[in-house]
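You will see chain A twice below: alongside chain B first, and alongside chain C after that.
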Partner chain A sequence: MSEKLRRKGRGCRKGGLIPLAAFIFFLFLWDGAWAEDLDTLPPSPPREVTAFDTPNDAGGSITLTWRKSTDDGTGAGDVTAYIILRAERKEGPYKEITKLPAGAVRYEDTTTKDGVDYFYKVSVSDGVNISESPPSQAVHSKAQWFNFKRLNMLLAGFILSLGIVYFISRARAGKELYIRKIAGLDAVNEAVGRATEMGRKVFFIPGILDLDDVQTIAGLSILGQVAKLTAEYGTKLEVPVCRSVVMVTARETVKEAYLDSGHPDAYNDEIVHYLTDDQFGYAAGVDGLMLREKPAAIFYQGAFYAESLILAETGFSVGAIQIAGTAMPSQLPFFITACDYTLIGEELFAASAYLSREPRALGSIKGQDLGKAIILFILGLGVVLETLGITGFSQLFTTQ
Partner chain B sequence: MRRQIPLAITLVVGLVMVVQYFVPHKPVGNLYDLFNTWAIVIFAFAIVLGVGNLIKIHGDRIYRLERGWGYSVLLLLGLTVMIITGIGWGIEPGTSFFYLYWHLYVPMSSTMFALLAFFIASASYRAFRARNFEAFLLLISAVLVMLGRVPMGKALWGQFPVIADWIMKVPNTAGQRAIMIGIALGVVSTSLRIILGIERAHLGGE
Partner chain C sequence: MADTIGIWVAALLTLFIFSFLYKDNPLYKMAEHLFIGVSAGYWVSYLYQNVFKPNLYNPLFHQGKLLLIIPLILGLMMVMRLFPKIGWISRWSIAFIVGITSGYYLITYLQTNAVDQVRASLLNFSQINNIILVVGVLSGLIYFFFSAEHRGVLGGTAKLGIWFLMVAFGASFGYTVMARISLLIGRMQFLLGDWLGLLH
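Our next item is the complex of A and B:
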């Protein structure tokens, strides 16, 4: 039983005078609202108030924890709020910094100045009365040099990177590395060849995101390989883009490819041209180009959103052979449905290595496979342990 | 030097971005936000390149009276009108720019988006033809999900929504997660290739 409840109980056993006094008091101040104010006993204060510098952060934050008042949920059960008070001196003055609902046991104060000592009190209110905890010990916030909550990520990244670097070094040493066949990439030659035979253009759409997205970079790597083929076959290439920086980079990529294949004269800046930054404006522009130019082969390689199906269905309607590749899971079904070949997720990132057959790039893909094998093993082990009720293992993989 | 300097910058910036993920302390911890701000500023300035390219290509098309040059006139006219009204009278509600934006641009953009409904229907028609076993499975699961998502399906049989939920939560989620794991590994691998200078597409290839 809470202290408040015990005190209330003792109050009721004081004999006959108290009920009489209470009756007179009621007669004197007869008002329903006043009846509530009769609760003059404050709730029991929160216990074990602890303040500490929030770990693994950039500073400017102190965390408070406490044990609930015995009248919160139990006892009198009338706690309505916890009030957090803060002062820079133990004796005060304490200022209210926030109010939390009943049941709260933790608060993160993100308004602190690093290096300044603070004292905290936690008050509890039942709507009428308030009781305060004793002040906490002095505490100040400071920034940390390492986020230990991300240690697992560091280890995972390190192991994966080690695997990739190991396979890259093996590939450089001349070891033969097996990479499974990717139908979509084997069809690149066929698609460009078809356009050459038909005397029509090849379109390359590098997605709608900017160069800060890794999918765009992966797409541009494929563009380099496609441009080499179009230069060799003497096929016309057109690359409409929706980002200015992508336009500049794609021009460099195509120019380099034409130079490498020995046809620098076939290159001109108009191969890569800007349409608009607007998503549906871009889709409309590319659709118009498709309908007018009727390309024989279309590549969609990069990041796409809702415009994916608008583009791919228009490409289908003009009879082009279409090869798509994206790491946007929500757009993959659309490309798989409307295109002849689709590079699913990781295949997009493997494409440039696969097409160029550059040993170091192939080595990185083998390293990626090693990472996949490790993850599969961990997933299997996690499933078994969770099924057996051992939950600690999965906690090792949580991040913040 | 034309290659070495950008490669060195990529290596240093790449490593700094990896380190900042694990170090919250300033000045390392806030480098991500700082670099992102720089990127936004660079991308914003780069729009000039795009607009310049647009004017050059369509200007040439009009000059040579190429097929469809009328569209180029319309495009440059639209660009000029929006720039003049936007800079000249502002973009707040009540201005010409605001009117043109809401009564020309927004409906046209919505029209393009709305086309998606028809494209989904035509693509679904092709995808759901049971040509082989995989296509047959796709057809069955698609029909079950569709019946589970519409009121008529529930009226026909109360278990359709349950089956649809199961398909979405179990096989669909499992497939999506498998793809996501592959993508995450691909991103790490590609990033490492970029940092180590093996992947050079962002520098214009080899």
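Our next item is the complex of A and C:
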């Protein structure tokens, strides 16, 4: 029995006179609110209040734990809230930082300054009375070097990196690395060749995201290969872009490709030009260019959003061979519908290696394939274990 | 009055853009060039006000965060593109961006596209939905395996994988088309409601 309940019990025995009881009963009937005022006994305070620096974080956080008041759910059962109080000195003054509902036993204070000592108290309220725990020991927050909860990510990254480095070294040593045929990429030569025969331009659209998106980087790698072909064939290339950094990088890429193919004089900065950062402004501009220039081949390689179908439909209407590649799942259906060839998801990233046969790129694809093989094995094993009711294995892959 | 003029300009420009559905024409060209010019100007202003000032100028020059000198220098190096003789300096900034991006996304993608997906796919075979999901994941993964030719069992499984992908794309296509139609409805509401006042 809680202290409060016992005290309440004693209160009843002391005031056990029948007239007094009758008087109290009368008050209950007369106005319920008076009855509330009779609860002058505070709930028992939370026990074992412990404060500690939140582990595996970047600082700025202290975690509090405590044992519930004996009147929370048991005893008098009238606890309504826990109030967290904080001070920078043990004697106070303590300030309320939050209020938690009954039943709470943990709180993470994410408003702390690293290196500053804090003291905490946890108060408990029954709506009328409040009782406080003794203050916690001094505690300060700090950043940890390692988040041990992400150890599985470190391991996965390490294994993948090891695989990639191993295969790159093999490729550099002259070992032949096989990559399967990717249908859309075999058509690159055909598309550029067609443009050459027709005397029309090749358009390359590197998506609408900036250089901080890997799809844009992958798209620019493919641009390098396409630019080499256009330089060799003497075909005109046009690359309208919607990001200034992408423009700069695309110019470098095309310039290098023209240099590598022995036609540096055929390069000029106008090949790659900026339109606008605005998504639909860019789409309107590219559509207009397509209709006026009537390119024979159009490449869409990078990250696309709602403009994908607008562009691909216009390209289709001018009769161009269209080769798309993106890892945006919501746009892939549109490219598959409107384009002749589509590189789906990771095919976009493998494309550069496939086209260039460059050892580093090939080794990287092989390393990723090793990662996929490991994932296939884990999935097979994990599904069998889950079906047998052994669930611990899947917990190894829980991330934070 | 200003609102009315604004609505008329917006409505006419919308119609000019819609005229593209017929064929390329001078009205579309005008709207297109206006759109590109205005949006390019808007983005310059937007990036200055919302990126350059709050992330670099104010913290560095008003709050004294000296560490931001590094991005300032990288940014200035990028501007060197304007001077052909020393334009090569901008490559360093580009290399920095590409390097940071690769390193940052290696872990992000590894978590979201690999480890989290593995965790979500470790299901027991007690329900038919789980079986379909696991078979779809395994066959889809095999389709994206580039180190072996898709022949025999591997080829059959990869084909199953592409079927799963196409079914998913079909569902996504329908869903996205619905979303696009809502954009058209929004424009129609503007034309018929705000402009012509036919909708109330």
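Note that the second predicted complex is superposed on the first by the 358 of 400 C-alpha atoms of A that agree within 3 Å, B and C clash if a C-alpha of one lies under 4 Å from a C-alpha of the other, contacts with A are read in each partner's own complex, and residues count from 1 in each chain.
Following the convention adopted for this analysis, contacts are C-beta pairs under 8 Å (C-beta built on N, C-alpha and C of every residue); 3 or more make two chains touch, one makes a residue touch a chain.
All values derive from a computational prediction rather than experimental measurement.
With both structures placed on the common chain, the touch criterion links A:280 to chain B and to chain C. Shared-chain residue A:152: touches chain C; no touch with chain B.
Using the contact criterion defined above for the overlaid structures, shared-chain residue A:256 touches chain B, although it does not reach chain C. Of the two partner chains placed by the overlay, chain B and chain C both lie in contact with A:375.
By the touch criterion stated above, A:245 is placed in contact with chain B and with chain C alike. In the superposition on chain A, A:58 makes contact with chain B only, not with chain C.
Of the two partner chains, both chain B and chain C are touched by A:346. Shared-chain residue A:358: touches chain B; no touch with chain C. Of the two partner chains placed by superposition, only chain C is touched by A:399; chain B is not. 153, 157, 160, 211-212, 214, 217, 245, 248-249, 252, 274-278, 280-281, 284, 288, 292, 306, 309, 329, 332, 334, 336-337, 344-346, 350, 365, 371-372, 375 are the residues of chain A that lie in the contact sets of both chain B and chain C, per the superposition on chain A.
Touching chain C in their complex are the following residues of chain A: 152-153, 156-157, 160, 178-182, 211-214, 217, 245, 248-249, 252, 274-278, 280-282, 284-285, 287-288, 291-292, 306, 309, 329-330, 332-334, 336-337, 344-347, 350, 365-366, 369, 371-373, 375-376, 378-380, 382-383, 386-387, 389, 393-394, 397-399. Chain C meets chain A in the complex at residues 17, 20, 23-24, 28-29, 31-32, 35-40, 42-43, 47, 78, 81, 90-91, 94, 97-98, 100-102, 105-107, 109-111, 114-116, 118-119, 121-126, 134, 137-138, 141-142, 144-150, 165-166, 168-170, 172-173, 176, 180, 183. Chain B makes touch with chain A in their complex at residues 18, 21-26, 29-30, 39, 42-43, 46-51, 53-54, 57, 67-68, 71, 108-109, 112-113, 115-116, 119-120, 122-124, 126-127, 176, 179-183, 185-194, 196, 198-199, 201-206. Of all residues in chain A, those touching chain B in their complex are 56-59, 143-147, 150, 153-154, 157, 160-161, 164-165, 168, 210-212, 214, 217-218, 220-221, 223-224, 243-245, 247-249, 251-253, 255-257, 260, 270, 273-278, 280-281, 283-284, 288, 292, 306, 309-310, 312-313, 327, 329, 332, 334, 336-338, 344-346, 348-350, 352-353, 358, 360-361, 364-365, 367-368, 371-372, 375.
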